[in-house]
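Right after this note come the structures.
Here chain A shows up in two complexes: once beside chain B, once beside chain C.
Up next, the complex of A and B:
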């Protein structure tokens, strides 16, 4: 009687531990599979031409900075990197300022008609970017605004402001109302309450939303492709050019080196704010 | 004596002032979005009903529905819509099923869980154009590491970019690689939020694994799955970068999704009026379908 009682849970636990080990093993295997392309990109960026085109593909080789030196001393790649930094941070900052204000308005301020605007802006997520790229190109061309950083910054507002606004709105809704109510009873104006009380305590949320916005702008291709030609060309456009260059064959060295430099800063930033990223995603899917 | 006279205009002024303050939170967003969002859409509508004037490089004379009827008669437009539909019908279900499956595995109780979850962020933030480029390298028929690995187990070699069906598979694979992690991250949170006691009750009632999944877990997850689907749908209809960097729409037009097709019509063939009409058709279609999906997901939410 007692023996049955002790062996049965043990057996069950062992069977559970097998399936548990399979789950953990599977999870690790799949994660590695998902990371492999990035790993391979970084690896290839350190290969010489001879080591890139081999069968079987080489895992061990003499690492070289040659590709990086070649492409990052050439004028166009550093320039494009700088353009991307300017445009992405510019668009990110403009959108976070404007979108935080309207997100707060939607969350806390009673405004007749504001909710309608909110819904309209949410609906804009269904607008195909190409429907904006064509008219933007024509207008910018007629106004002499093509190939300028400011044009791209404004173009990126089309998707960044709605994104920031709705993310910040759900953030502000989760704050206790007493915060600004008590501040306003103490004689703070609405602006005062917002800038002195709400903004400081929301800083982590604002900063991580800013980082996501910069990432989104950093990766954007279509508007950059259409609105720039020489001076304001961004890195995604350069990469599309390298990847689509079929005349000189596959330039994997350039692709992987430029790709690595594009991706690594973003990965670092994303990992820094990962807790917020996951939280924001989960909220976006369940509450949005 | 003077108080009623001086008080009432002051109160009115204060209220006006307060209204201005209230609206000033909303106003910058409205002004900017009217400028960069509403006006371009309006201009697209205008061009779509006009002939395109190459001299002024803008909308010419009004020609009614002519561009639309031209587009609707263009078999390439329909072909491209079909390509987009095929891509969506493969990519979205695969990504959602895979995403929730992986999330289930990752959620196993062990020390490295948080690390794995963080690592899944990495593919998500690889710029789509870089993703397309790297996969083009990985899937290269001759030098690619994927064909080499498949060759080890006796498969292939596959011509990932030359065969129309395989090229579509290629697009779906790249898109799935980049977007499944996004679903994994949502799904891990959703799975952790599931109420434990319901599953214990199902176990006590003797429900098997599949029965538990089918009649306990899925109904509970339905709202999250629906929401994930809508978000993913809104991203997937914008598919452009990955295709441009990997298959370039080829071979032939096999992977020319609608955004790439309109882009090429506008900026390579300079058919701005026709491509505006196409963009408007796609806009209306997207809005309608998004509306249907949103209503559907609301229904799911109220059902459970």
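Up next, the complex of A and C:
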């Protein structure tokens, strides 16, 4: 009896440690699968042209900053980075303001047809962007708005606002409505309750959605390609330009160097989001 | 503090009417409990008093002021919700002071009033904590603190104790009662728990299907229920019912043919009635209604006997102890003053549920 009693937990513990190891191994494998291209991009960006195409590929080589120095002292790349920052943050902020308010309305205000309206807005996301890009270009040209930051910001809002609205709607639906009711009894208007209670509680959700929106706008290519030509060109367009340079062939070092710099803010943002998402949301509002 | 007058209030959602014209006048300082099964409209009525639901027809006045169309914040009421609805990003102190801050009360006064309320409720040591760091009972107390800090005209409670465990519920019940005796604020308290209603309220309003079934002081509802519904709802364990036809004025003939001798004729002379007897009003005797005991449960202070009369399960509550055993045949009698006779009506589910 005693021997069974003592080995059984040990066995169980060993089995548990096996399954734990298997899970960690699986996680490492999947992470490697995703991280390897990024790793290879960073590696390539430090190679000189001769090291890039060696077979077998070199893991050890004379690293050089030459490509970085060349491209980030060239006039257009820093400008394009700045354009991307302006357009992505502009579109992110505008869509978070509009999307949060409309998401709240959709979650809380009883209005005939509100649900249908919400679904229609969501369905608009199903339209292929290319079908929107051409009419958008024509409208922008007629209004004299091509190649301007504001045009891209509005264009990005067409897909960001539905995205933010639906994310925030499901977030608000998960909050007990008694929070606002209580605030309204305590002396707030509906708007007061929203700004004083709901917005502070939802801050982690709002900030993560904002960052997701900025990332989406940051890497958008199609609209930027169609709607900009010189002044408002963003980094994805510039990268596409390097990749599609037919005269000299794709400059892989340049492509990966600009790509690496472009990815850095996205990685930082993603890490920030992760931190906020981990925080409890409406923790402790109710019975718990 | 103030009176609260509800005058022929109706509520409809589209074509579906859920409150069918309720009139209720509540005195200054009175504690009224709205009780009834879920879906009876008690919470909707409370939310209309609070201004959280629009009133379809009729009007509501707090004191001399018609508040029917005023927003919640203009009604000078405080409400405790079933899930407490504490603001999770604020400390207990800020939660309690929030309403005063909205009213631009001077800081020093807010501090003083929050401190007072915290002392009354024993929350002094928790003022700096966030709601997530509180236990269920503490959260409940903060929700009450948030209400009393306001010193409102009317307190509204929406099933405030139903999220607590049984022991804490009993404790908070007495705290609410003590609080009302101390503050004497007009209170409307919604609950589905008849024991809460009976123990707390000056007046109990039993609601059913959007109308008031009966209202009155708790013991009056217990002694003189007007319908099977109220009789079944008030009292624990619930009343036993027997439906049948009257023969020879004092014999109740049940549907299976069993005849029970009534101790008195039906004062209204009906042909068919539902007779009701509370478990505690049966007496064991040598002669009377024959019954077969199925279960005997003794708790020391009292003994509950489950028995069958003509195949129907009934409950008998005997003070103290008894030597009755399962399987034994017994006889039951009832004092003529304690027997209830109603128009025949289906017995609501509430009577069949065991009370918690």
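Simple rule for what comes next: the second predicted complex is superposed on the first by the 246 of 288 C-alpha atoms of A that agree within 3 Å, B and C clash if a C-alpha of one lies under 4 Å from a C-alpha of the other, contacts with A are read in each partner's own complex, and residues count from 1 in each chain.
The criterion applied here is as follows: contacts are C-beta pairs under 8 Å (C-beta built on N, C-alpha and C of every residue); 3 or more make two chains touch, one makes a residue touch a chain.
Just so you know, these numbers come straight off a predicted model, no measurement behind them.
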Which of chain B and chain C A:168 touches, first, second, both or neither: neither
Superposed model, chain A: greater residue contact from chain B or chain C: B
Contacts of A:240 with chain B and chain C, given as first, second, both or neither: first
Chain B versus chain C as contact partner of A:200, first or second or both or neither: second
Touched partner set for A:253, first chain B, second chain C, both or neither: neither
Which of chain B and chain C A:176 touches, first, second, both or neither: second
Touched partner set for A:185, first chain B, second chain C, both or neither: second
Chain B/chain C common contact set on chain A: 189, 282, 284-286, 288
Of all residues in chain C, those that touch chain A in their complex: 50-52, 71-73, 75, 77-79, 81-89, 98-99, 102-103, 130-134, 136, 139, 146, 150, 163
Residues on chain A engaged by chain B in the complex (per definition of touch): 20, 23-24, 26-28, 30-31, 34-35, 37-38, 40-41, 44, 52-57, 97-99, 101-102, 104-106, 109-111, 114, 117, 121, 123-139, 141-142, 154-155, 157-158, 161-162, 165, 189-191, 194, 215, 218-219, 221-222, 226, 235-236, 239-240, 242-244, 250, 252, 255-256, 259, 262-263, 266-267, 270-271, 274, 277-279, 281-282, 284-286, 288
Sites on chain B touched by chain A in the complex: 18, 21-26, 28-30, 32-33, 35-37, 39-41, 43-44, 47, 56-58, 102, 104-106, 108-110, 112, 116-138, 140, 142-143, 145, 148, 177, 180-182, 185-186, 188-190, 223-224, 227-228, 231, 234, 237-238, 240-241, 244-246, 248, 258-259, 262-263, 266-267, 272, 275-276, 279-280, 282-283, 286-287, 290
Residues on chain A engaged by chain C in the complex (per definition of touch): 176, 178-179, 181-189, 192, 197, 200-201, 280, 282-288
